[in-house]
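Consider the two complexes below, in which subunit A is the common component and subunit B and subunit C are the respective partners.
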Partner chain A sequence: MEEQKIQVKKALDERLMLGALIDLARKKLVPVHKHTIWYYMGALLLILFMIQMVTGPILLFYYKPTAETAYQSVAEIMVKLPYGWLIRSVHHWASNLMILIAFVHFFSTFLVKAYRRPREFTWLTGMVMFLLVLFLGYTGYTLPFDERAFFALNVGTDMPGAIPVVGQYVLEFLRGGAQVGAHTLNRFFALHVGVLPLALLAVLAIHIILVQMHGMSVPVSIEKKAREEKKKIPAKPMFPHFVWHDAINGLVLVGLLFTLAICMPSELGSVIDYLKPAPVGVKPDWFFLWVYQILKWIPTYVLGIEGEVVGITGLALAAVVIFCAPFVDWKSQRNERSPLFTAFAVVSLLVFLVCTAIGFFF
Partner chain B sequence: MKIKESLLSRRDFFTGLIYGSLGSVAAYLAYPVVRFLYYEKKLPLPKAVTITLADIEKLAPNSAVYFQYGYLPGILVRTEAGEVKAFSAKCTHLDCNVNYKPDTKTFHCACHDGYFDITGKNIAGPPPKPLLAFSVKQEGDVMVISHPEEGGAEAKKA
Partner chain C sequence: MNFFVSPPAHAEEAAPMKTIPATEIKKEEAAGAGSISLEAVEKARTITAERIYWLIGLWLLILLAAVLIRWQLRHDDKLYEEGYYTREL
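This part shows the complex of A and B:
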């Protein structure tokens, strides 16, 4: 028996080269310092993504993506089908945790300037994935086609309408017409289950390969300190040390995920009534609360320009600067401290936290 | 009594423990998924369906008409003698719908050339079993057609 096991292992190894993979992980060193904790976020995101790739298709076995049937089919999943509520709630909470951890991953890499040479493309692919994850969260939110979804569709597809020149085209492309209706749901369904996950998968592959090729980025301050003290930054092999850490983090994460899904199952609002006014206190999902709050604060007109246009253009500009950080943050690229970009990152983080909190509680 | 040599090394014990717990976690996760995916809607069959005698009168002798019995397709035949028979139209071979052939007085399944006689008995081709026969009973001016298992007993009581 034992001998046969070894033979099977050998045969598989010869063909799949699993040993080479483990050797690679053994050789790969992960630096250990006070910011090492931020290295764990990627694996958590990967675990959540895999959970989404399993629970999503399972839900598709019963979800009916048309305006007439979507609501009813989600209601059926929630109350009629065995464990449907659990699977939908796990999908819902995994998406929320994924967005939350994506924010943590984004802000932590931004603050430690992980985009420095040679990791520019790791940063760009990461930013693309961040947008894809947010867009996946938004499109998923609309699929039950309940009242919340209807207003989220109206507001969300109206916002790109404020972009100068191309706005109206983007709006009509997203809505499949001038108004939110049955066509909009079909488009959002196609995006949520087809276009966006495939795009995410493709970019994810590049991101992971790049991370493996370049190894983990070490913050400027730690590198500098090591240089001054003429010491090497301590490091541990990825396998087994960090794989082990990731496994434990993953277990805690899955525990949290199921606790949330069981204690707070995802909701289903009331049926869409195209003629009813928006309910009082209607708000977007938490991860867009900061945008909602900023747009609420901006006066109707700023210097003679419509407030909505100013707000959206401003946010888009900030996003472009963050996107291009590796190409405009010269100081970091020279491995020097870059107070301007540190301040920019801290302000972004504060704006996000404060606006989200205000949007949530008021 | 103290065993000098353990049957299980410490390593084997912990390996078993780890695989065992991983296995039970996997089972916990798989159970809801399997239950969700294998949910089958048990559509209740109606206790009985009725057809008015007037409608049956309209049917020429030695001809048949399809009717719906819940989710089952049914076929109702009026024999040359004027007797009314009703069967499930599903062929017992592979679930195609059978057709009534007046010239030979048989039910024919075109999918794999199966034949049933007028009593529903499988007489030629691959079908392994006779057609499911509904019980047909006259009650006033309607014919009550009921499933032998699902609604038969209740229909008789009513």
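This part shows the complex of A and C:
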């Protein structure tokens, strides 16, 4: 029996190279220091993405993506489908938690300058995924095609319209015409269930391979301290130590997710009334509140240019600087402290937190 | 009873088919037949005692699994302290 077991193991190893994979996992070391906690965010995001990949197709079996049927099909999922309310609520909250943890992951990697050589492409793929996750959240929010979704579609697709030169084309591409309507829903549905998840999967695969290849980034301060003290940075193996920690974190996350889904199930707004004017103070979903608040504060005209154009251009420029951080933060690339980019990251974090809070409460 | 020529039993018992004219279906659709009200959706969202018990059960399972993993982790940490695993980058 024992010999047969060894033979089966040998046969599988020859075909699937399981031994090499286990060896790789055992050899991969995770640095242990005061910022180690931030390393757990990636695994949490992966767990949430897997939950979305399970709950999404279940909802897809029952969702009817036309302007006439979308609202009723979501209502049917909530009322008629056994545990439909739970599946939709888990999908809704997993998406919110995914965006929240993506923000935490983004700011933590930005602050510890995880984009330093040789991890430039890990940063770029991470940034692309961050944008995809935000866009997935926004497109998903509009699919019930209720009143909130209708106004979110109007406000959200109006914003890119302010981009100089290409704005109008982007607006019409997203809306499928000049106005929000049936074509807009079709496009957002196609983006939400087809284009964006496939793109996310492809970029995620590259991101994971890059993380495996280069390992975890150690903050400059920790590296400097280790160099000065002529000590090596302590590390623990990814497998089993960090996999077990990820498992515990994942379990707590699933508990939190179901608690939110059961205690605050996903809502469904009123049926769209196309003739009704947009209510005063209509707001986007929480993860775009900071953009909304910044644009709200900008005057109608700045130096003769439309305020919205100035705001969108400014935000786009800030995003480009963040995107290109590995190529413009030369100090960090030389493994030196980079106060300018630290200040930029701290200010970005404060702007995000303060504007979101103000947008939410006022 | 000939197996090859007799109609099957379920065919004999089946209720006669009724043809519904398309105009009738359209009238029902216009009246909102089968549409679910917001009240029904709100009712589906209500927190019930059963749901809370289910949630408590889930958290107990999570707690149990976390304790078991923690034991395993302690064992692995002991091996790490004994130098079984690589310790430095």
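Methods note: the second predicted complex is superposed on the first by the 346 of 362 C-alpha atoms of A that agree within 3 Å, B and C clash if a C-alpha of one lies under 4 Å from a C-alpha of the other, contacts with A are read in each partner's own complex, and residues count from 1 in each chain.
To be clear about the criterion, contacts are C-beta pairs under 8 Å (C-beta built on N, C-alpha and C of every residue); 3 or more make two chains touch, one makes a residue touch a chain.
Everything numeric here is computed off the predicted structure, so don't read it as measured data.
Comparing subunit C and subunit B on the residues of subunit A they touch gives the larger count to C.
Touch criterion met: A:G255 reaches subunit C, while subunit B stays clear of it. In the superposed model, A:P265 makes contact with subunit C only, not with subunit B.
Shared-chain residue A:A75: touches subunit C; no touch with subunit B. Contact with neither subunit B nor subunit C is seen for A:A20 once the two complexes are overlaid on the shared chain. Shared-chain residue A:L60: touches no atom of subunit B or subunit C. Of the two partner chains, subunit B is the only one that A:I87 touches; subunit C does not reach it.
Once the two complexes are overlaid on the shared chain, A:A235 sits against subunit C while remaining clear of subunit B. Counting contacts by the rule stated earlier, residues 84 of subunit A appear in both its interface with subunit B and its interface with subunit C. By the touch criterion stated above, subunit C contacts subunit A in their complex at residues 35-36, 38, 40-41, 43-45, 47, 51-52, 54-55, 58-59, 62, 65-66, 69-70, 72-73, 76-77, 80, 85-89.
Those residues of subunit A whose C-beta lies close enough to touch subunit B in the complex are 58, 61-62, 81-84, 86-87. Residues of subunit A touching subunit C in their complex: 26-27, 29, 31, 72, 75-76, 78-80, 84-85, 218, 232-237, 240-241, 244-245, 247-248, 251-252, 254-255, 258-259, 262-263, 265-268, 270.
Residues 31-33, 35-37, 39 of subunit B are the ones touching subunit A in the complex.
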